[in-house]
Amino acid sequence: MMTDIQTILPVAIVLSSLIPGLLIFSLKESQHRLRITLNLAGVFSKLLLVGWMLHGVSQGQQFSFNITFLPGADLILQGDALSLQFVALSSVLWLATTIYAIGYLEGSAFRSRFFGYFSLCVSATVGLALAGNLVTFLVFYELLTLATFPLVVHRGTDAAIRAGKVYLAYTVSGGVLVLMGVALLHALAGTPDFIPGGYLSPLVDQHQAGLTLAFVLMVLGLGVKAALLPVHGWLPQAMVAPAPVSALLHAVAVVKAGAFGIIRLVYDVYGIETLSLLQLTEGLMILAAATIIYGSIRALQQTEIKKRLAYSTVSQVSYITLGVAMLGPIAAIGALVHLVHQGLMKITLFFCAGNFAETLNIHHIREMNGLGQRMPLTMAAFTIGALGMIGVPPIAGFISKWYLGLGALETGQSWILWVFVCSGLLNAAYFLPLLYRGWFAKPAVEWAAHPQAKRPASVWNETHWMLLWPTLFTALLAIVTGILAGSDFSPLAWAQLIVAREFAP
Amino acid sequence: MIEALSILLLWLGGAFFVIGTVGLLRFPDVYSRLHALTKADTLGLGLVILGLSLRADQLFTVLLMLFIWLLVMASSATACQLLARYQLQSDKDSSDGGK
Amino acid sequence: MNAALVSMVVPFFAAMLVLMWRPQQQSWLVIVASIVSLLAAMMALLSVIDSGPQSLNLGGWESPLAIRFQLMPVNALLIVTTAVIHLIVVCFAASSHHCQSIKQAFWPLALLLHGSLVALWLSMDLFNWYVTLELLGLAAVSLVTLAGHKALRAALDYLLLSLFASLTYLLGVVMLYGQYGTLDIALLATLTEADRVTQTALLLISAGLMLKAALWPLHLWLPAAHSSAPTPVSALLSALVVKAPLFILWLLWSRVAPSELAVPMGFWLALLGGGALMIGGWSACRTPHLKTLVAYSTVAQLGYGLLALGLLLHWQLNDLQAALWLFVVAHALAKTSMFLAAGEIQASTGKKRLNSLRGMTLTMPVALFAFAVAGGSLIGLPPSGGFIAKWLLIQPMLIEPAHWPWALLVIIATLLSAAYVFRVVSQGFRQSSVSATATEHGKSAQWLALLPAILVWLMALFSEPLLQLMDVFSA
Amino acid sequence: MTLSLQLFLASGGILWLTGLYGLWRNSDPIRRIISLNIMGSGVFLVMVTLARRETSTDPVLHALVVTGLVVAVSATAFALRLAVASQQEKR
Amino acid sequence: MAASELILDLILCLVLLSLAVAVVEVKRLYDSIILFIAFGLILSITWARLGAPDLALAEAAIGAGITGVLLMAAYANLAPKKHLQNSHRSWLAVGFSLAAMVWLVLSLIPLADSPESLVAVAEQAMADSGVTHPVTAVLLNFRAWDTLLELVVLLLALLGMQQLRLPSLKIAYPWPLLNAWGRYLAPLTIVIGGYLLWRGSSGPGGAFQSGALLAAGLIVLRLNHVIPGLSWQHAWLRCSVLCGAGFFLIIACLTAWLGQGWLDYPASYSASLIFIIEFLATISIAVTLAWLVTGQQEAAS
């Protein structure tokens, strides 16, 4: 009986969002309640299943499901520690984003289409996380591209279509590069399952050119989604999408899919040993460092809140890449835990930006003056997210940066510390003015006289509850994971478990 | 003897064909061309068939060839009439148009 | 073998029945005939899987004299594909409101086209192929003229080029017969030598076939003919008819041609395939009309077939034939879906241009979705049939660094196809100024358009048995 | 005999090419159809000549020519009708 | 003797080629059509010269006869319009053609010396074919499948023409001499057609030649208003168009189902089966060809 569960569980996790998604497509716009019910049923059943799997994996059980696909490359879904890190993050944030999106889109058109694709997106993300080999990863990676496109162009305006085209141009090109890389590796080595330490070391002598090309292709391809420097351009453009989509794209699905792919590639395909033989990580490290600085500087130049957050993402996601590229165990812990922490903080920030826009029609930084008086709770959440990004203890961001810094010292790359310091200062430079304006500056008009804003009945009612509560929830998570980082079930502890397995001799 | 006669007839028939063709090419209008052509058809073909009949070893073959000659004569007569009438009609039309 | 014959004969008989009795409800008869043909085709496929390739000498005469039929995995698969697509297309024609005007004449012609296709797939005889190619050409042109006066010019050009191609093909065939005294493919394969006559004959045959298959640079007639035809006809032509010459081309070069000729020719064919991919894709990205875009996409996608065929010959790699035929089948299904969806959209808006697609996600969501899903397979997104074919194609390209330039070609082609597919899809997401609501009528036609697109993605799940089938054959 | 066969073979090839040239040179559909017929005649001439190579003629080639002729006349008839129809639409 | 034969062949070839070039090159469409008909006649003489009487018959009836009528009919339909002059004479095209000619002729010439053919095999199989004329044996037995499909080609051409919905052939008013001649000619063609069909099993002739001849008879009758316009409304016409291919197909299925295999006639019946098939095919061919020439008569509306 147990073996059956172990095969079915990975599929069930993917299907728990896929099936509601497909059902939602067939609904009419007016079937409001049914749609919400389906969404929530999907969310909670997924959380339940993920919890089950987490428990199992921590007990050392193996979860694996496979069907035949290409010659020598089955479709494999498996739950290991690394994939669960990502799956758990996605599922929890899906819960928050779903509730947020229901509130955000209340009364607008095309909701069936929106939630349908939204669920497909989550399914693709989860599938990508659970993928047991490169070909399976590729399948879900491309599906993710397809599923997010309708969300980017959801509004149907000219600007949205243009952004959608830019998004596609980048991600499809990236997808093709990844495809080529995967196919090249398949041609050289077949497609075995991901295994800690990689499976390519026997080929280093014979196929150096092939392996190098494949790595470059795949890092470039994955780098598109992870918004690495030369190919990051889609991310700020994609900001025209509705707020829940921005939150989902930036915190969970797309950028993390890219980063996660790089993690898989480095640890479970090439392996640290092979990569250091091929000397490929130097370039990746420099690229990531450059992206961190460049993203921060560009963020500083933006005057729109969402654009600033977008460039901040460009910068922050590269911390993960940088941590991975250092090839040391402590840096790896930092990278893995940053995957989660950055997600929590950034989604909070985007929720807040959405709340500002939705409640008071505020899009620009200069309009934020005195916002704390009108929306104190949202502003507080925003503060938590921003401080976490800068790396102020005890918020989660501090933990990951701490480990990354230690990792840099451990691997002897002390120049990276300077990158972190520099970036931290820039972070402060682009977030603190927002906080200052929000809490201390005088509003341009009295909030009571603001054309958009009715005076809230109470503090808890500053905006729609479905917009407020998810924001507070994720902000709380960002603090809790920071404070309780030392406990057994924190993301940090889980990251240490993963690294212990990856770097096991 | 028969051989020689046959050859003579064949040459004669061929000559009529040639003359008819020359006429077709040289005569000025449709009517005189038709005149040349029909001579070639009927007489030329008749002579050729006569010449070939002398060489035939079966009566059936001779009858067959005669039959062919008759058919060709009938059809060329009809076709000739058709063409002449058509030409006459169009001549009339054009002279009417001229007035 | 008998099942395959049934699959071929049933459409012929049904066509004659429809012509003779002229029943009021023709569509049911046609649909039933298509179902029977499909069932028979499946049985034929099963029998090939069970007992391997089968050969039949028509009339019971010995081999060089008789026309020979052969049922192999490849053509069994093609017969099934033909039957599936015909079934879908006739159901579409029966249910779409926009096809009412063409119906009377459409049924018998479509049936005859079906029968002729199966006859072509089965045959292994050079001259018999000439007759079946003529059948296909005449049926196809007649079907194009169903669209009315606007299509006549395109139909005439199509017919003249098709006749010219047939005669070129025939001259080559005659030369081969003159040299080797047989028309049978298998016998020729044992006899051919790399001499001047053979070379000229093969070149003539190839030129004719490439013109008929609209392989670049002989493709110029295709966009006009395919885009001006009625919707179900466009689907049949693009999905099936252009594949028939490719089948002959493949048999000829991979079996009959001696390798001294095949290896250099393979290089040129592959190069032409690359040209088709580039030029076809580029034209599809530029054209302002929806159906023309889909037609140019056919030109481009046929380039993949030619590329696979060329590389198969150039590297003498029999593994690539799986790629070739999966491309053909995947493209057939995807293109059916695309043309049906595009035609249904065009008919309901009444406009040809691409920008009339605004707001289609609301008014005709299923049709647009079908277009997008089919487009996914054309681009080669996993896990679709198109992806598997592309995967098989690029494997041998990647394994040797010297072959990497070909892979670059495939990358560019993929990006071009993505560009033209999303050109259409993103228009559909654009907000429309008129507040349109979902139209209820025509729903069934839209779902029928979606069906082949779903099938092509399902192909991915059955790729293992499909590839085994191909392996049986190459072994 | 061989010489005369070669002569006919060459003529067949040249006829085929003449038709091809006519197809290229003329834009009027009817003339193009005629050119196609000349091409076809060229091919048939090659076929009939090839049938003549041995002492007894090759019936297979003759039968193929008969088939080819019927196909050609069907296609010509349809093409001419189509040409007329398309020209009438233009007016 | 050989020299004079060669001279004859040379003249034939030169006439053929110069006619062909003239057809392509002359200015007026009408001249081109006339020259093409002449070309067809010379071609049929060439067939006779090359020992192919079947083909000479078929060419004279189908190639020159029916095609000529078709061309004239098309010309008549387009007559009011200025015909397009042959437009672009480019020296590039001429040069290319000449180069291609050298290449093609050089590839064709060697074929004269490689007598690979199916003659021996066909002769061996003649005994079991049920007929004594080899061409008929090939057409209706050895390669019967080609012939069946070819009947379908005819059918398709007819269907294609039908749904173009063109007005049928314009027919001049009847004129006594022509009328009378037509009335004599028509029965004659039927007799000769029947003779050709019957003769097909043992000598030159057969379904196609006979069908073409009968078609010519039908056309003459139609032109003389003896028979009404052909219309798809009439069941017997549909039947006669379909009977050739239909019966052939039924036989094919029956032989596959009950007999030894697809189109494998039982030895004792093969002669009569072939005759019935030829008979029905002749009817189909005749009606279809006549129909193709005279055009579809629209139902009176």
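Order of writing sets the chain letters: A, B, C, D and E. Residues in each chain are counted from 1.
Assume a contact is a pair of C-beta atoms (placed from the backbone, for glycine too) under 8 Å apart; a residue touches a chain by one contact, two chains touch by 3 or more.
Here the structure is a predicted model, which means the values were calculated and not measured.
Between chain A and chain B, the least number of touch steps comes to 3.
If each chain is reduced to the average of its C-alpha atoms, the one that sits nearest the average of all protein C-alpha atoms is C.
When the interfaces A-C and D-E are ranked by how many C-beta pairs touch across them, D-E comes first. Chain centres here are C-alpha means, and the one lying farthest from chain E is A.
The chain with its C-alpha centre at the largest distance from the centre of chain C is B.
Separating the centre of chain B from that of chain C, both taken as means of CA atoms, is a distance of 57 Å. Inter-chain centre distance (chain C to chain E, centres taken as mean C-alpha positions): 32 Å.
The mean-CA centres of chain A and chain E are about 74 angstrom from one another, to the nearest whole unit.
Chain geometry summary: the mean Cα position of chain B and that of chain E are 27 Å apart.
Within chain E, the positions touching two or more other chains are listed as 104, 107-108, 111, 117-118, 122, 142-143, 146, 150, 153, 156-157, 160, 164. Residues of chain C found to touch two or more other chains are 65, 127, 131, 134, 138, 141-142, 145, 152, 175, 177-178. For chain D, the set of residues touching two or more other chains reads 16, 19-20, 33, 46, 50, 60-61, 64, 67, 71, 74-75, 78, 82-83, 85.
Interfaces, counted as pairs of touching chains, are A-C, B-E, C-D, C-E, D-E.
Within the complex, the chain C residues that touch chain E are 2, 5, 9, 12-13, 16, 19-20, 56-62, 64-67, 69, 104-105, 108-109, 112, 115-116, 119, 127-128, 131-132, 134-135, 138-139, 141-142, 145-146, 152, 175, 177-182, 195-197, 199-201. Of all residues in chain E, those touching chain B in their complex are 175, 177-178, 181, 184-185, 188. The residues of chain C lying in touch with chain D in their complex are 65, 127, 130-131, 134, 137-138, 141-142, 145, 149, 152-153, 155-156, 159-160, 163-164, 167, 170-171, 174-175, 177-178.
Those residues of chain D whose C-beta lies close enough to touch chain E in the complex are 1-22, 24-28, 30-31, 33-35, 37-38, 41, 44-46, 48-54, 56-67, 69-78, 80-85, 87-88, 91. Residues of chain D that touch chain C in their complex: 16, 19-20, 23, 29, 32-33, 36, 39-40, 42-43, 46-47, 50, 60-61, 64, 67-68, 71, 74-75, 78-79, 82-83, 85-86, 89.
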